[in-house]
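The following blocks contain the structures, represented as structure tokens.
Common to both upcoming complexes is subunit A, partnered first by subunit B, then by subunit C.
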Partner chain A sequence: MATIALDKLRHSYMADPQAPEDWALKEVDINWSDGGAYALLGPSGCGKTTLLNIISGLVTPSEGRILFNGQDVTHLPPDQRNIAQVFQFPVIYDTMTVYDNLAFPLRNRRVDEAKVDRRVREISEMLELDDMIDRRAAGLSPDAKQKISMGRGLVRDDVNVIMFDEPLTVIDPHLKWKLRSKLKELHQRVGVTMIYVTHDQTEALTFADQVVVMQDGEVVQLGTPVDLFERPGHTFVGHFIGSPGMNVLPCDMRDGRAFFADTQVSIENGVQGLKGDERLELGVRPEFVRFADTGIPAEIIKVADTGRNQLVEARAQGQRINVLVPEGESVPSEGAHLMFDPNKTRVYANGWLVEG
Partner chain B sequence: MAITLSNVVKTVGGEPFLYDTSLSFEPQGFNVLLGATGSGKTTLIKLLAGLEKPTRGSIHYGDRDMTGVKPQRRNVSLVHQFFINYPNMTVYENIASPLRVARMSEAEVDRRVRETAELMKLTPMLQRNPSALSGGQQQRTALARAVVKESDLVLLDEPLANLDYKLREEMRDELPKLFAGRGATVVYATSEPGEALLLGGRTATMHEGRVTQFGKTEKLYREPADLTTARVFSDPPINAAQVHKQGAEIVLDDTIRWPAEGAIAQAADGDYYVGVRPHFVSPRRENNVTVELNGKVLVTELSGSESVAHFDLNGRPWVSQSHGVHSFKVGQSQAFYLDISGCLYFHPDGARVGA
Partner chain C sequence: MAIRTENNKAWLFVIPVVLLVAFNAVVPLMTVVNYSVQETFGDNLFFWHGLGWFEDVLRSERFHASLARQLLFTGIILAIEIPLGVMIALTMPKKGPWVPVCLVLMALPLLIPWNVVGAMWNIFALPEIGFLGYVLNEIGFDYNMTQSPLAAWFTVVLMDVWHWTSLVVLLAYAGLISIPDAYYQAAKIDGAGRFAVFRHIQLPKMKQVLTIAILLRFMDSFMIYTEPFVLTGGGPGNSTTFLSIDLVKIALGQFDLGPAAAMSLIYFLITLGVSWVFYTIMTRHDVR
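And now, the complex of A and B:
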């Protein structure tokens, strides 16, 4: 087990990177503590796989260092980093039994058979593979095979970190939630540092204590699941996390006060630090917008019933605003006005939350 | 046009895939088939498309009997879960392909392709090959092909299943708008209750080869005919437990009691099932009439704006779904509050009380 420090990492796949977009990974500085559950979350192309490959040693970063327990491993090959990895698709030996598959990473390191047996039985019980332990892997279902793959990652107790790269891709949607929660439980039982890479918000937020959200090679927020929902650090986080995502609206500042559609909007964050040339936006989640007698005049375009809420598509000054109205509450048909919760409405400058 | 199935049965090698089904889809309506994998949705789609022949019964488009008619002789479009486009043709040629098969004039092809591309937000990509597009754009290309030929019937078999959730969110919003006013009757298969609700229209819930109920989507959701329909139409799964009605009270596990309200108030004393959707079970006490349930938290899940907790209540699994992001301690006791206005009651045979 280990603490992991990413120190001013940058990476480009080009020989001579110039423009910001030449960098697959812009500067990344992260400190992960020992035994934590972490997730790297973002859409495809955001740089999360590059970052994962740098940690595992498959890619050497153009700049910066990576430290395990304070020791610089930037130039160590993968096999000397003492890590375990679980991939998107099962990596197992079809001709071996489930038992031998799980035992393989231990036998490979000449662990004595008594300990091998103990670990294999422990892991197979945790993953509910014990009733198929003597069967050959070849005939098993894709999700059983992926569980074996996970078990092979978990079986060693001496690794610095276990990394999961989109491990639920091959799992049937109806079984996903079980494995999602299983992984969380396993982390609590084994206490090894784990890093989980995914584009799925539910997988990331369910698994991790801390989530790193990435976009265009950049870390846009590092926080707990509560932080990401309650106080998005970037408009991208507000949009990407939550269904539907945060409303992002153009904003004018006049004498230190925020306006949208010529209506003053109370905001939670201070804006003293603004220079005045930034692109300003207001961010407010649909759950924190409500109908009122005064406020921003809006037109109702569509009301969808989600079963638990009514999802209202409203329009004000040419901008779409989603409003989530609890079941049973009425939605005005004409002369509607919108109010934003002042504690959950914030100003963003060039995409970033203004911390004034 | 209206699409009607009359006593349609499909068996394969003696095994029933679809039991005796009679349904009528309204002309130009948006219809959803909702059910888990293996419930018969795809069988029904194939029968409608003519890719499979019913073992018994008949299928009419309007008043034309189409039962034995080949797919290519029907004016039908079908879009699958996997985006199928011609990889060596541009987006323009992909969209144009069904029109060229129909030998339409070049001017008319061009007009229709451009109009459909505009609708699908594909205009800037018309000259690219599908491989240069994102997953969402590829699926929009496949959808554009289905829409462009102005079919009588458009069949969509889990068309969004392979898109990531942000794209799914956008497409669910766009799809009903795309088909509105285009004259086609749409049948859309999905395994996700939330998707059915957002798409609206009418829904047929399916379970083990049977249509359990068919009607307006919101009505099916709020007033399911039976417990099976309520189960099909709930994600996370509906909490279902046996209860006893005693005078003016409902009793669960001998110790948990609440007032019998609504249709159950008039019902005879005896055994019933209660069905409670997870969002009526909250870790916070709301203003409504609530009953406290003390459970042991088994598993929690966070979806971004909602929290789901699976908990054990007297040996049975229950699920709570609440707004916002809550942290629960797995393995610990936790009070949950059941909002009794969300209780649906069912007779021992499954039929809803008051249905």
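And now, the complex of A and C:
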């Protein structure tokens, strides 16, 4: 187990990167503590898998260092880093039994058979694979196979970190929940540092203590699931996390006060730092918009019932604004006005949260 | 109760194939069956002979000898071509500009007509002017395939290896490139060595195509005729007279239709039987 530090990491798959878009990873500085559960979240192509492969040693970064427990491992091959990785599609050794699959990493490292046996039995019981231990791995279901790939990481007691690369992609929806909670349970029981890569916000937010949101090779925000939800550091985070995502509306500043559609809007963050030439936007989540008698005049376009909430699509000044209304509360039909929660409404400059 | 509809229209589409197969395989085969149970003394007069020819063939030392030669030949070329083909496939590049170059080079021998292959190797092996024959004699081997059975065998085997290893390479290569990178990455992380990767990832993933490769090479080499016929004509003596060469000698050389027909059927049943047993063994794990 180990702390992991990423020190000014940059990576490009090109030989001679020039423009910013040539970089798959733009500069990543992260410190992860021992035994934490972390998630890398972002859309496809945002660089999260590159980052994962750099940590595991399958890719050597163009610039920067990776430190495990303060020790530079940037140029070590994967097998010397003592890491484990679970891939998108279950990787199992078809011809072997479940037992031999789990024993494989240990036998390759010449661990004595008695210990191999003890570890394999322990882990298979933990993963609930013990009733199929002597079966050939090839014939098992995808979720059992994915558990085996996980198990191959867990059997080694010297693993620094276990990494998951969208491990639930091929798992049936009803088993996803089961496997995810199993994973969480395992993390609490074993205490190994785990890094989970996904583009699914639910997976990231339920698994991790801390989530790294990435876009275009950049870390846009690093924080707890609550941070990401309540105080998105970037309009991308607001939009990507949450269902539906944050409303992002054009905004202009007059004498240090924010206006949307000629109506003044109270905001939470200070705006002293603004230079005046930025593209300004207001961000407010649908959860923090409510109907009122005064405020921004809006018309209701559509109401969809999602079960616990009613999702109202409103329109003001040509801008679409989503509003979440708790079940049972009424939605005005005409002459509606919208109010934004002043503590949850913020100004973003060029996409980034204005900190002032 | 579920309603089962049976759509018999499919038969309409199968019929042309059935007819085609009937006329080019089943009907000629039945002629052979017909010959195999009759005796003739010419004038198109036939007499019932029962299973006499079959008994004769099965007891014939000549048949035993050519069957033994055939099995030996097939055994040798399988033992060389399969491992060699896999080895070459493993060393071929997985991506990059050299992939098409390698593939075309590999496919070249397969594109040459069989009798041309025989003729090429015939000249190639001539002791005075053939490159192979000349070089071998220069470096001190007494090599002359028209005189020494060992030299003839060496040449026939080498020719077959040259001609057909490519097929194994291409099939094995197809199996190899279909393995996702994640397997190699996982093996690296699991600390597997080069041999373990081959044994536990590459070989199992190649199993299907290798089964096909072995089956094809078995059948083709077991029925081999043109190349050794052009190269050695079955000689020197009878040393490279394989089953099909012997069969042609009996059928067309001596015009013994009965024994030749009986031998054809036995030959056919051996090929079919071995292929079936082999295929059943190789695929029995796949059935769940």
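Just so it is clear, the second predicted complex is superposed on the first by the 356 of 356 C-alpha atoms of A that agree within 3 Å, B and C clash if a C-alpha of one lies under 4 Å from a C-alpha of the other, contacts with A are read in each partner's own complex, and residues count from 1 in each chain.
By definition in this document, contacts are C-beta pairs under 8 Å (C-beta built on N, C-alpha and C of every residue); 3 or more make two chains touch, one makes a residue touch a chain.
As the structure is a prediction and not an experimental result, all values here were calculated from the model.
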Exercise for the section: Considering only the touch criterion stated at the top, classify A:A84 as touching first (subunit B), second (subunit C), both, or neither. Expected result: second
Handout entry: Contacts of A:R152 with subunit B and subunit C, given as first, second, both or neither
Key = second
Handout entry: Partner chain in contact with A:Q319 - subunit B first, subunit C second, else both or neither
Key = neither
Practice task
Look at A:P105 in the shared chain and tell me whether it touches subunit B only, subunit C only, both, or neither; answer first, second, both or neither.
Solution key: second
Practice task
Identify the partner contact of A:Y93: answer first if only subunit B is touched, second if only subunit C is, both if each is, neither if none is.
Solution key: second
Practice task
Decide which partner touches more residues of subunit A, taking subunit B and subunit C as the two options.
Solution key: B
Practice task
For A:D172, select first, second, both or neither according to whether it touches subunit B, subunit C, the two together, or no partner.
Solution key: first
Practice task
Please indicate which partner A:G307 is in contact with in the superposed arrangement: first for subunit B, second for subunit C, both, or neither.
Solution key: first
Fill in the blank from the handout: On subunit A, the footprints of subunit B and subunit C overlap at residues none
Completion exercise
So, in the complex, the side of subunit A touching subunit B is made of residues 43, 172-174, 177, 180-181, 184-185, 188, 199-202, 205-206, 225-226, 228-230, 239-245, 285, 287, 304-308, 311, 313
Practice task
Spell out the residues on subunit B that touch subunit A in their complex, using ranges where they run on.
Solution key: 36-37, 161, 164-166, 169, 173, 191, 193-194, 197-198, 200, 217-218, 221, 277, 279, 299-305, 310, 321, 323-325, 327, 330
Handout entry: subunit C to subunit A touching residues, read off their complex
Key = 180, 182-183, 185-186, 188-193, 196, 200-201, 204-205, 285, 288
Exercise for the section: Please name which positions on subunit A make contact with subunit C in the complex. Expected result: 56, 58, 77-79, 83-85, 87-89, 91, 93-96, 104-105, 108-109, 136, 139, 149, 152
